[in-house]
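Chain naming follows the written order as A, B and C, and within any one chain the residues start at number 1.
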Amino acid sequence: MRLTSIAATALVALATASTAAHAQDPFIILQSTTSTENSGLFKHILPIFKAKTGIDVRVVAVGTGQALKNGAKGDGDVVLVHTKAAEEKFVADGFGVKRIEVMYNDYVIVGPDSDPAKVAGSKDAVAAMKKIADAKAPFASRGDDSGTHKAELDLWAPAGVDVKAASGDWYRSTGSGMGQTLNTASGMNAYALADRGTWISFKNRGSLKIVVEGDAKLFNQYGVMLVNPAKHPHVKAKEGQAFIDWLVGADGQNAVRSFKIEGEQLFFPNAATGELKKAG
Amino acid sequence: MLKPLDENTGYGLGRRPIFPLDACNVGFSDGGRQLLDRVSLTLTQGLKTVIMGANGAGKSLLMRVLHGLVKPEVGAVLWARVPADAEVMSRQAMVFQKPSLLRRSAEGNIQFVLGHLNRSEAESRTREILERAGLSAVARTPARLLSGGEQQRLAVARALALEPDILFLDEPCASLDPASTMAVEEMIETAHQTGTKIVLVTHDIGQARRLADEIVFMSGGRIAEHTAARQFFDGPVSAAARDYLAGRLHVPGYSAGT
Amino acid sequence: MTDPASIFLLAMGLVTSGNPELYGIIWLSLRVSLTAVAISCLIGLPLGAALAVVTFPGRGAVIAVLNAFMGLPPVVVGLVVYLLLSRSGPFGVLGLLYTPTAMIIAQALLVTPLIAALARQSLADLHLEYDELFRSLRLGATDKIAALIWDGRYSLSTVALAGFGRAIAEVGAVIIVGGNIEHVTRVMTTAIALETSKGDLALALALGLILVGLAVAVNVAVLSLNRAAKRLAYA
């Protein structure tokens, strides 16, 4: 029976440790996207916010679609994503209080060095996509209802390409996050649409490089919303709003501006001005 | 084992009688083969009963039916004219051919059946029981590391720790050397003297001669003979018993009994 | 950078660096998985033993389901627990989503069928051996179950280790219900998934190597504890 009592004691100790671990600082849950998390932005700005307010921001990084769904269910206090139309619907449906623009970066089309579709150097994203389709060059898509996925579909439509029909052929829908999709593209020498932040911090590039950038259509705006406390009373409205106010205020915007990888700025704050700068 | 006896009934004080033990028309078959064929048998208190017979005669099965491990297809087992209830069940014990010891120490095996006692009582009872079985020195040894003889002594001691009114033993010495066999037989004899009814299955004619007061001889799922031991060995009535004993009597080391 | 030697060196460097973040992740992994396995054992061992001992109509079906559940996909378990613990779900008021407790619940759900099924298998053999003795002693089901678990404790510790192996290695459930939140719910497997998605395959592999080392360490610890207990405390 000695072993049993040792096991019981250990269990109690472990269980106590588990509960003790989350009865500490005030915290909010931020539903956000893999692109912001993977780039390392949060790691850079959140400690600054915490030092100022003592509030811990716990980031759940999923696709934009998933982040909005989780927010709609009340599983988060603040949502920071990058698909304007879906965000506006989120607010209109009463799940979010108000959409505020925070920052932008841009998308880039990356592709293999060999560039089978001959699109390198182009500034016209839609034309490049059409060429990729015409060449039946492999293309790795997020396919996960994320902001980047939606942005990609917004490029195929004007190019008149039916990717559904090509799926499984040259069009590969990975159904995974930005990094995973880039891993896939790198592995099969495929083209892919990526946000610049993830791309810059991505380490497993293989022969991939940026082939198209600088088109206004590749602009990528991030917006932030407080989950509606009227819908979900448990939402930490005070702390959540404090985070939003900080993020769109001078301190937060400077924090975003100061995040650089190898000297390169990844996100461009535009909350204060609300200006729609051209990317690139 | 030192329970006070009621002068009139011979049972422990305050306990109702359980004998005679009757098997009434007990039948059991398996896949069309009649393993027990309408067996009727009456066992009384006090005598050491030895059940003998060739392999497959139904000895072990009959013992299991009596002990309540196997439910007969037809017939019934009655204890003092009534079927066994929980109390009667609790007054029996059985020792198997394989000692079936728990994966615990020798004392752990004894304590396992003393769950009704409090800790200190159980410990002192265990010491006493192991002492009597000559196993004090190996009390803390894992039961499965004991010698074959020690294991079976432990199994008998564990059965006796229940203070049964009747002890069933199914070939308890089948794989033991002569010295170990003697030690087990001594334990059986002592149990008998303190009032426990003994029912033993054995193939060992020498053992049967040493221990039996009466013999139940089985053949083909029936009872061929049920007589006093002396009479059985002096002049078996049934042909089956004669053949059985004759076959055995050719084995060197046994003197002819006829 | 992803050749075995440099991965090994990277892993060693990480372990010896004393990086509090890494140690936090390792500690959380152990805490979550060990607690989940302990809970699973509390439920699964008696359940498995009961299925070895008690016969009832439909027992075969229960065992078949249990055996099938050994291969429950972690992501499905994660999703179910997510829906239960979501603020919009039946247990939303508890506010457990994205906490280590949620991860423990998910892993316990994942591992309990495995432990119950393996325990049943291992104890069924033991029960076959003890059956006549138990019935001769007129033991009730509870006593039988307790005796089987105690006597089978050494083989059951291997069962618990199998459960631990499944828990510590799975990512599908904890990433959904834990959210892979840095310093809060990030464990070894979700950290590996994150580094992989960042394309830092070398770091991901090094973390994987540490995870394997961790699993080996727990196995060695339990098995040698076992041997010591067998030697010293055989009672």
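Everything below uses one rule, namely that a residue touches a chain if its C-beta (ideal position, glycine included) is under 8 Å from a C-beta of that chain, and two chains touch if they have at least 3 such contacts.
Please read all numbers here as calculations on a predicted model, not as lab measurements.
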For this session: Mind listing the chains that sit against chain A and also against chain C?
Result: none
Exercise. What chain lies farthest away from chain A once each centre is taken as the mean of the Cα atoms?
Worked result: B
Problem set entry | Chain ID, smallest distance between chain and overall C-alpha centroids | C
Problem set entry | chain A and chain C: spacing of chain centres that average the CA atoms, whole Å | 32
For this session: Please report how many Å separate the Cα centroid of chain A from that of chain B, as a whole number.
Result: 78
Problem set entry | Centre distance in Å when chain B and chain C are each reduced to the mean of their C-alpha atoms | 47
Exercise. So which stretches of chain B touch two or more other chains?
Worked result: none
Seminar exercise, completed: Listed in rising order, the residues of chain C that touch chain A in the complex are 31-32, 34-35, 38-39, 41-42, 86-89, 92-93, 95, 97-101, 104, 153, 179-182, 184-185, 194, 196-201, 229, 233
Seminar exercise, completed: The answer for chain C against chain B in the complex is residues 129-130, 132-133, 135-138, 143, 147, 150-152, 234-235
Problem set entry | Of all residues in chain A, those that touch chain C in their complex | 2-3, 7, 10-11, 14-15, 17-19, 21-22, 27, 29, 34, 37-38, 42-43, 56, 58-61, 70, 73-75, 176-180, 182-183, 186, 201-205, 232, 234
Seminar exercise, completed: Touching chain C in the complex, chain B uses residues 64, 67, 69, 86, 89-90, 92-94, 96, 100, 102-105, 107-108, 112-113, 115, 140, 142, 162
